[in-house]
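Beneath this line is the structure, given in structure tokens, with notes to follow.
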Amino acid sequence: MKVAIIGGTGYGAVELIRLLHNHPYVTVEAIISHSQSGTDLASVYPHTVDVVDMTMDALDITSLSEKVDLVFFATPSNVSKDLIPSFLENGVKCIDLSGDFRLKEPEAYKKWYQSTPADQEYINQAIYGLSEIYEDEIKNASLIANPGCYPTATLLGLIPALKHNLVSKEQIIIDAKTGVSGAGRGLSLNVHFSEMHENLKAYKLGEHKHIPEIEQVLTNESGQEMQVVFTPHIVPMTRGIMSTMYTNLIIEKSTKEIVEVYQDFYKNHPFVRVRPEGVIPSTKEVYGSNYCDIGIYADQRTGKLMIVSVIDNLVKGASGQAIQNMNLLAGWEATTGLNQIPIYP
Amino acid sequence: MKVAIIGGTGYGAVELIRLLHNHPYVTVEAIISHSQSGTDLASVYPHTVDVVDMTMDALDITSLSEKVDLVFFATPSNVSKDLIPSFLENGVKCIDLSGDFRLKEPEAYKKWYQSTPADQEYINQAIYGLSEIYEDEIKNASLIANPGCYPTATLLGLIPALKHNLVSKEQIIIDAKTGVSGAGRGLSLNVHFSEMHENLKAYKLGEHKHIPEIEQVLTNESGQEMQVVFTPHIVPMTRGIMSTMYTNLIIEKSTKEIVEVYQDFYKNHPFVRVRPEGVIPSTKEVYGSNYCDIGIYADQRTGKLMIVSVIDNLVKGASGQAIQNMNLLAGWEATTGLNQIPIYP
Amino acid sequence: MKVAIIGGTGYGAVELIRLLHNHPYVTVEAIISHSQSGTDLASVYPHTVDVVDMTMDALDITSLSEKVDLVFFATPSNVSKDLIPSFLENGVKCIDLSGDFRLKEPEAYKKWYQSTPADQEYINQAIYGLSEIYEDEIKNASLIANPGCYPTATLLGLIPALKHNLVSKEQIIIDAKTGVSGAGRGLSLNVHFSEMHENLKAYKLGEHKHIPEIEQVLTNESGQEMQVVFTPHIVPMTRGIMSTMYTNLIIEKSTKEIVEVYQDFYKNHPFVRVRPEGVIPSTKEVYGSNYCDIGIYADQRTGKLMIVSVIDNLVKGASGQAIQNMNLLAGWEATTGLNQIPIYP
Amino acid sequence: MKVAIIGGTGYGAVELIRLLHNHPYVTVEAIISHSQSGTDLASVYPHTVDVVDMTMDALDITSLSEKVDLVFFATPSNVSKDLIPSFLENGVKCIDLSGDFRLKEPEAYKKWYQSTPADQEYINQAIYGLSEIYEDEIKNASLIANPGCYPTATLLGLIPALKHNLVSKEQIIIDAKTGVSGAGRGLSLNVHFSEMHENLKAYKLGEHKHIPEIEQVLTNESGQEMQVVFTPHIVPMTRGIMSTMYTNLIIEKSTKEIVEVYQDFYKNHPFVRVRPEGVIPSTKEVYGSNYCDIGIYADQRTGKLMIVSVIDNLVKGASGQAIQNMNLLAGWEATTGLNQIPIYP
């Protein structure tokens, strides 16, 4: 399969390049960058020197459509929505790592993204690419809206409990923490080394774009309008997301029993590893890999079910899951090219 | 005033030494270490070389009682409970940084500390040293149970909302994050650099000793039996605690109005800085200082009041508050010797 | 004494503010910022909120000269050289933390700073503020060129060996390492958190502006034209400089004997702590303090004398030494207001 | 090929497991651990859970020799020397990541390792596994002494200059910096997170075991007894080594010309990437990969040639090079299973 990557100077693109380098069935035909066309990738990302010998190109939809079967969009919000329709019309499949096609309600997009949504026809057509949950739909998709990093960790943690009616649909609290690479490569005082090192910040309380995305999926899955409280934090490390979730147990089950429910739920999904009773995963245990690891604690004293879900934000939270989705729609094993042990320590 | 520090090789002790070095009215007469008696402080903590010229001593209660007016216990759990009664009988005041005298109910101590509690007479006599809240009691105390690091950040954040009936006493969730120095100087794979760097961990879900401490104080302050959900996390930085708290608003008030309630509540307490609407403090903004900074967000969409409270775990969360308490019982300004700007960046 | 700080938004300025906050004889009357005049300091540096209640001003030399006795310039290169003459003419003393008045040879400034040097009259008048070495000259100065961070650590490490003819004046290698705050608050991909964390870089090989500064002072002190090899590196931490120096021993002396020479050399200088044989200081042992700690190793096998010198780049390497120099010219103890134990851990 | 790994709980072993997981021709048949036999690997290294389903075994040389073709020793010093002879007699090839078979002179081993050397017969037989330099010998080896981490970075940087007579064999200074994982998984206050974070240390001045290893190889390669000055430092990051080398140029060549010499020297060795003039590699640019990247600067002013060489200490500095050597002796491409792009950021 021949693919192109649009948005070549961001961390999403460079992580796609890293992961696709060892994919047995895929070649990267073009890396597109608006701001750096004509530049060698290795001059922007010196770690690829002598390994990836590619020059970034400007975008020409027609010629690119002839060269490739699939395009990854690793672009900021508000870019892909204007480009994807043309690719789809040319018969090129699209996997969009940005948020442009995730929200089904145009009003929600306007409110949370403060911008004009994509054409509703394409929004309707887009499949939400949470691989383990929408595997069947993804296999037949032309346009995949790849999930956000926080929603991936959060939804994989919450959905089994909701589908099995273990917990109330009300009063769900999500306290999320991300490494700094989630903020991208754009310069900002917030993620200036001297300001962020030895520091911990909460941000965008009640205002993060991933809130409507999480609520939309939970509403679909639970069959009932759902609202969550979600607070993101930024932690002084480069990679990793942890979502700590607080829900109200509505059934009498021990931690052990709930672990079994989760393990059964994900038994055919090798990238989700549900840990045994007494073990809570840490972010480093998935570093550089496509795993989502989940720990469970049923607190009998307070009647709460706590779920801790960790991913590498750039892999399962972005580029890895995008490749997993590509594998699914190409009819390959989900793990093709992604079968790496986390890098530790 | 002449003081001694017991537990000389831990981070609590060395932080007391740092802060007392510039205190105008206090001299440290002795540093006591069981394991390192006879050793120079500077050989255990080379950063003190040529500045603090002291040798650590073994403990001799009688002679020490003659030399000093007050003793700080910077010892692990289960040490001070056997030593403090003798000092009190000798007329020496005691400030205990460990948890031995914090819990009023012996059953709670047995359950959470899994050990025999201190003599009830002395537990009854101990004043809980949350300086801003129990200022009057502290002024007349002989024995102060200095609060834990997490309870300090958490309680200063929650008490104004509870005292002003802004939030429900039910369903309070506390998601807390600490820097690694909270784990002390004892070696463990958990805090081995290569295991902890670029890592984020949740730990002791539902089992942390600070849970009963928080609940006891909230119960006292609210006049109603209270239970909280509290989950600690460890973040790859040395200093800092952030407590992110989720409560249910039971009154119609905006963020701005609640900020005003908080600012009024702490108006005579210079170490608590309540930030204006729209500003959430980060841990680095209190680094090395005795401040507790609080940010408020009233989420009208979900009816939640979120409170973010940050401290330096070794200062306001331990040694700084201990000195603040010493100031209060000595009749000095609370800020004496503690009036430092946080170190930034 | 009344002082002003020019360059209010940089790390040098905010560190001056932190350190002067507890100085017994000095008040900061004005903080000048070109880019942020009219802004509260606390909105640019939230850690100062409720402690430093000052608004930054635009520069008006005349009115400022009436208000203050001394001005600190915490400005980038090429700013102070045009402003300082006016202040001096108004009788205001100046301490310049930038490099504008350090190099005596205008040609050297042109070459290494690639810019027009200051007026030679003022360059001639400027005293190089390496406090321990030029104490007498500093006491009578009107204009002090505060040393660079690397030269401070390096020169305090090399001068005793050169003055005592222990080492050759040839073949001196200086391998220097700095924390990231040395790069200032200006945004750059180089010091973007995700690029710098878990990273180590060598930079400006053979081209760093501190090379001629080091060579000028060594030439003066040794009475012979000297040239050094100096390579700076940037380390993933915020504060701290280590200078590892390699020199050729020209005398038969053991490590212990050379340590004694150094201890004797600095015996009246409390901010330089020479460690005993077998102990090499690490950067954290001077964190947040004005100390320069020095370790010595005479390698009999290779005939080399290795000298390791550490400072906090923002304190002894910038603002702390500037205050030390102010103390000297005001006739106070060098340690006034600077007598703090390093913050550890 | 069937292999076993001895020393299963250390970072060397777990990195071998990670890298071999995607090797097309190798299966790991056994992981041997003295201290943890009978334990699942995943309980010691949770990041391998559900991926590597292996239990660690006690060592039984006879049965292991029947099962495997090759053994990796990822053990501390002083272990492999007593075990390897039996394996060799059983016809099993051995790659030793420890230092037991690196030094040819028994006196040198006694002096620097302070222990009894291995049997001289086997020392003589051992091939020093610096893959790019001793490729031919490695292909026919039965016992490979895998190089130390510092020597790998250092020797790959120095050898081309020496072989081409660009630099003097005298007065070579090596200032080396390592990430903390080089210290292994054993607990020590030195690498306790709170002590090592925001810290930079020089250690073992003049006494590091890698000094005689570097000198032995340089002596062989240059045909002249050589001595070097080598100072290691520990930097607050997990992975990465940088060796900054200072040599005296004895030929008139520009940086550009010397870069060409280096690029030519390594033109058939894909794991050594020589950077163009003006570019110095940083450690993160090789993170998680088997690359050794080299930057060159010829300082005409001082007559020095500076060489900066970076590797990932756990990959090219240990387990990656061990696999590269296995590839060579098995007759496969050197890059088999190692062809990964560094993980960035």
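Per-chain numbering from 1; labels A, B, C and D assigned in written order.
Please note the rule applied: contacts are C-beta pairs under 8 Å (C-beta built on N, C-alpha and C of every residue); 3 or more make two chains touch, one makes a residue touch a chain.
Which protein is which chain? UniProt says A, B, C, D = N-acetyl-gamma-glutamyl-phosphate reductase.
Everything quoted here is computed from the prediction, not taken from an experiment.
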At the largest C-alpha centroid distance from chain A we find chain C
Comparing which residue numbers chain C and chain D contribute to their contact, where sharing over half means same and under half means different, the two sides are same
Note: chain D sits from chain B at a C-alpha centroid distance in Å of 46
CA centroids of chain A and chain B: separation to the nearest Å works out as 39
Going by residue number, chain D touches two or more other chains at 11, 181, 194-195, 197-198, 236-239, 284, 287, 345
Interface with chain B, chain A side, in the complex: residues 171, 173, 175, 177, 179, 194-195, 197-203, 205-206, 227-229, 231, 233, 235-240, 242, 244, 246, 280, 282-284, 287, 295, 297, 299, 301-302, 304, 306, 308, 310, 345
Chain D residues touching chain A in their complex are 11, 14, 17-18, 21-22, 45-52, 181, 197-198, 238-239, 270, 273, 275, 279, 281, 284-288, 293, 339-345
Per the touch rule, the chain D residues reaching chain B in their complex are 11, 180-181, 183, 185, 187-189, 191-198, 236-238
